[in-house]
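Below are structures written as structure tokens.
One chain, subunit A, links the two complexes that follow: it is found with subunit B in the first and with subunit C in the second.
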Partner chain A sequence: MLYLKLTRKNFLAALESFSDYQVYAPKRTEDKVRLKEITILELPENLQFERCTHSAKELFLPPEETLFYFKRFSSAQKPLLDETKRLIIGLRPCDARALQVLDSNFLQGGFDDPYYRSRRENSLVLTIACREFEKTCFCDALGLGPDLLNGADAIIYDLGDQVGVLAGNTVLAQRLQAFALETKEVENETQVDRGAVPSREVELLPVKSPEEYFPLIFQDKLWEEIESACLGCGACSYLCPTCYCFDITDVNLGPVGKRIRTYDSCMFNMYTLEASGHNPRPTLKERWRQRFMHKFSYIPYLHGLLGCTGCGRCLEACPSRIDIREVVKYVATFTG
Partner chain B sequence: MWQPLQDNPYLPIPMRVEEVKFESEDRSLKSLWLSFLAEGKREEFRFRPGQFIELSIPGKGESPFGIASSPEEELIQITVNKAGSVTKAIHELDKGDIVGLRGPLGNWYPEEEFVGANLFIISGGFAFTTLASFTKHLLREWSDRVKNIDLVSGARTPGMLLYKDLLEEWKNNPRLNLYLTVDREFPGWTGLVGFVPDIVAKVKVDFENTYALICGPPIMIRLTIPKLLEQGIPKNKIYTSLERRMKCGIGKCGRCNIGPKYVCKDGPIFNFAELENLPSEY
Partner chain C sequence: MSLGEITEELIAKGREAFLNEGIEVLLGFEKSSSGFLKPKAFFSPDSLKTLRWDASASTNLAALLPKYRGKKIGILAPGCVSRSLVILINEGQIVREKLKVIGIPCPGVIDRRKLGPLKNSYFLGSKGGKFLLESDNQILELPLEEYLCDCCLSCRYPSPVIYDYMIQGKSREGATDALEGRVKKINSLSEIERLSYFQDQAEKCIRCYACRQACPMCYCESCFVESSEPRWLTAAPTIPDNLIWLLTRTYHLAGRCVECGACEQACPEGVDLMSLLAWAKQTVSQLFNYTPGLEIGERPALGSFSYDDPDFFWGGGLTEEKKCCT
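Here is the complex of A and B:
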């Protein structure tokens, strides 16, 4: 990967060369910060952005998307792939990390998801290193960091009137090179000037290896205790940057219709309810086991990376104030 | 206009309904035979017994069904239990209607493993579909590669037994020992009477070197397994096919997993040694 130093002005000038891209950045509307389309000229000069209350998931796996249109009683159907070129700037390292988790589901495992792939391949993701920890952030407690590239196309470090850019994407690096004061080829984040990276004393969460969690599958008492506080509202999974589970349904619009996919949640009864009335996960006990194990055991087991990024959105969203960090600790100390 | 299946796994390919038939006396079970609209698709559609498809009716939605026809048959057969809104719409289909198909999906009965072994095929209720596909395939293509074949099929009543024509044919097939059973005595019924697990315990099977393939309602499976273990069949030689609510069928949408396994992609066929290490969410 290439590390470049640029003046802020030159960096913004370099971005202007991406004129064929729609630019997205975090933008506040009342109490929510979400990714919105803006122009390069609207980018804040200090290149600082608030952390999104909704994650980058929205742009890659929208809450609702059309898979294809169909005509009823006919074999005609029209698939829709979103090939819009997007330059997304101002996400955080945890958001990039979350995209790696989504990639592992949608782009691996023997089948490819063309809808996700199209959005992913047509997007450039430029993150900014965090300048401080928010109240609910805990990426460092998972051994991740607020200054890591995490598979983004580039991460931007604030160096006063300059910026340091660590680019993993070679095409992007080439475009920036013409504007750079200095460049060097590096292997990882520790070899570059990252400016003032926040750090704090933090106790690592006792996350076990995926296989170590397997025996807990059979510990009913553990999950019963955890479920007791949960309302099953699904707010955690809606805001979680790595929760990708979806539903597929048909919508009729007169003689034509569309097949859509929408967010779903393992916290809902309907999610696994079968037409016969049988439900393999009938209570929140099984659903909590599923949600926890999916993030901390199954995804790591299948794809080699943790399903939680430590972004803390679920802590903020939970009406029962369930703190996933406490759940991780509780699970680690549970002895039956 | 039709993209090949492998490019966009969410796009169904169009099928024509060639034949429909009620399979049970209460009209809750109906078979459909489907042909591919596009030429050459049948050759491309290579499946093995145990695999399933997603059948879709535009405007109603999609549901997964085990393939009941054998790979050697030209038409694709599924048998549908009327339970929810999609299956209700499927029951209303008639000859000539156009539907969508995605597949073949999932894994299959590992037939290579069965070479030189005895097979004990056990079915309860309408779970007979993929086992019927497998048995047809077995009798046609694999007959000389396996030893004894015993088949138990049970239903609540004689009128609820699936694939009656096929069963009649198999009665006279010397290659297969067929045991048909219903829950209680019925006028005119000359077969066995009793629940599947009890019949399984009574059937004289050479349990040395035997694989059991078992499909049926969860309660039937739960009661049958101990009978098989008692006879000395090891857990890794007992195979079953699981059913779960599914959407994508390709391991993406998240709902059908049991532990780290997706029923749609890693299953639906599992052996009991595998299932023992998974949560009992089935």
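Here is the complex of A and C:
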């Protein structure tokens, strides 16, 4: 990892060399902040961005993506890969962390998803260190932090009139180097000047090891209690940066058709419904078990990292105001 | 009426329903981590300690009924929830005898959307036309009236229409035209402007179906959006498909919606759902002179017909013998 200090002006000038990239940054419309395409010249000079209300997932796993088009009597369709080069700036460390979770499933889990891979490999992700905690943030309660690189290509620290950039991506680091005031080879975030990083007294959430959660699969009472407030909508999963379950359907366009991939949610009654009519997860009890165990047990068990990043979007979106932190605590104290 | 009193009364009535009436579950609210109330199913009289009701109770509890199908259920019901229950009874979804309704004279509930950036503050409670929020170590005292849902502002039936127990108190008085005003505003737009307004709404929609799940009238086990034969719309949240969703939903709720506003409160994206529903309600009310959910036993406006109907029907002139399907 290379740590560089640059003036803001030089940093923006360095970014201009990415003229062949589409630039995405958080942009506010009414009360929502979403990643929108902008030009490098439109980037705010102070390099401050609001936190996205929708996660970065929408650029890597779009709500609708066409996998391929097909015709009658013809086979072997070529996948439609999105190879647009994108520079995404202004995400937060938790968003970068979420991409690590998605990577673990789509790139490293034994199944290689060409659609996701193409988007991921053609994107540069530049995060900014958070300057304060939002009311719903809890990355620190999961042992993560608002100043971590988390596998992003670079993280930008605000140092007053300068910026500190910790670059994990060597190509990016090289391009920035020409503009840098000083550079330093480092191993982790603690060795660099991170400016005013927010910190607070926080109680770590009692997250157990993946195996410790396994026996809870059979505790019906626990899941019944948890789901009792849930209405069964997909707001939490759709806004979650790491929920990646999808559905594949065909759309009839007359002489041709297209196969599309859209979001699915474990909260829906169509989720895992089998053609026979049987559903192994017939009620919200089983669905909540799936949601919780997937994030806190199965993903950690399979890939070695927590499925929750502490971004707090589900807390904000939930119509029933279910707080996943409370659920984690409740599960930890449950004795049967 | 102070908050402590209504809480004690609620818990006492809840206990009574468990012990004397033998309910198996009580649908109520408890405080969430943000202080705003969240729905909760209570399974025993001893668990009722956390039972609450205040101006932040924006979920229509009748939407949770399908989860406990077949059980004897107690439920907290302000006016709109009681009307939802009446419709569910009239539509054959629940049996009156299996319900114990704890009626609440409703002073109105807070609109999450009107809170704007304050929506993530901690809700301390409401008292006498005011409510308290804690934000950044400051306590804000805000006037309830300014933050009430449009649905509550224009609510004509804030007191329960059916109940077994009644909590003491006064319902909100002086319904305004907040909802009607929204419909009027949309009606005053030109066709193009109206189309673009609803396209903007459809663009916001992510099709998480929070509106459907929050609605007590959306009890279908299989929704039309999930049908693959025929496929009415694709699963992709595009503007045309979202419009099909929003409009078909409105049609399915015409003459059934009690305007509780739970869908709008549930929507994480701020889609204007109530303008459509209020428009449908006005239309049904004008055509059939019908207000849903007021009386047990009444037939739904769009689920009944009358031989005196002035409109052309079945070619007209039915003979006495053919009147077989009353």
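The rule is short, and it goes like this: the second predicted complex is superposed on the first by the 334 of 336 C-alpha atoms of A that agree within 3 Å, B and C clash if a C-alpha of one lies under 4 Å from a C-alpha of the other, contacts with A are read in each partner's own complex, and residues count from 1 in each chain.
Rule of thumb we're sticking to: contacts are C-beta pairs under 8 Å (C-beta built on N, C-alpha and C of every residue); 3 or more make two chains touch, one makes a residue touch a chain.
Quick caveat: nothing in here was measured; it's all calculated off a predicted structure.
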Simultaneous placement of subunit C and subunit B on subunit A, clash or fit: fit
First, second, both or neither for A:293, with subunit B first and subunit C second: first
Contacts of A:228 with subunit B and subunit C, given as first, second, both or neither: second
Partner chain in contact with A:249 - subunit B first, subunit C second, else both or neither: both
First (subunit B), second (subunit C), both or neither touched by A:113: first
First, second, both or neither for A:239, with subunit B first and subunit C second: second
Which of subunit B and subunit C A:38 touches, first, second, both or neither: neither
First (subunit B), second (subunit C), both or neither touched by A:262: second
Subunit B or subunit C, by number of subunit A residues touched: B
Partner chain(s) touched by A:323 [first = subunit B, second = subunit C, both, neither]: second
Closest Cα approach, subunit C to subunit B, once both complexes are overlaid on chain A (Å): 7
Footprint overlap on subunit A, where subunit B in one structure and subunit C in the other make contact: 247, 249, 252
Complex contacts: residues of subunit A adjacent to subunit B: 67-68, 70-79, 105-106, 109-115, 210, 214, 217-218, 244-250, 252, 257, 259, 261, 264, 266, 271-276, 278, 280-281, 286, 289-290, 293-294, 297-298, 301-302
Touching residues (chain side subunit A, partner subunit C) in the complex: 30-32, 63-64, 134-136, 228-229, 231-235, 237-239, 247, 249, 251-252, 260, 262, 265, 268-270, 283-284, 315-317, 319-323, 325-326
Subunit A partner contacts - residues on subunit B that touch it in the complex: 1-3, 7-12, 14, 37, 56, 58-63, 83-84, 87, 97-98, 100, 218, 243-245, 247-248, 250-260, 265, 277-279, 281-282
Complex contacts: residues of subunit C adjacent to subunit A: 32-34, 36-41, 59, 63-64, 67, 116, 119-121, 204, 206-210, 212-214, 221-222, 226, 228, 231, 234-238, 265-270
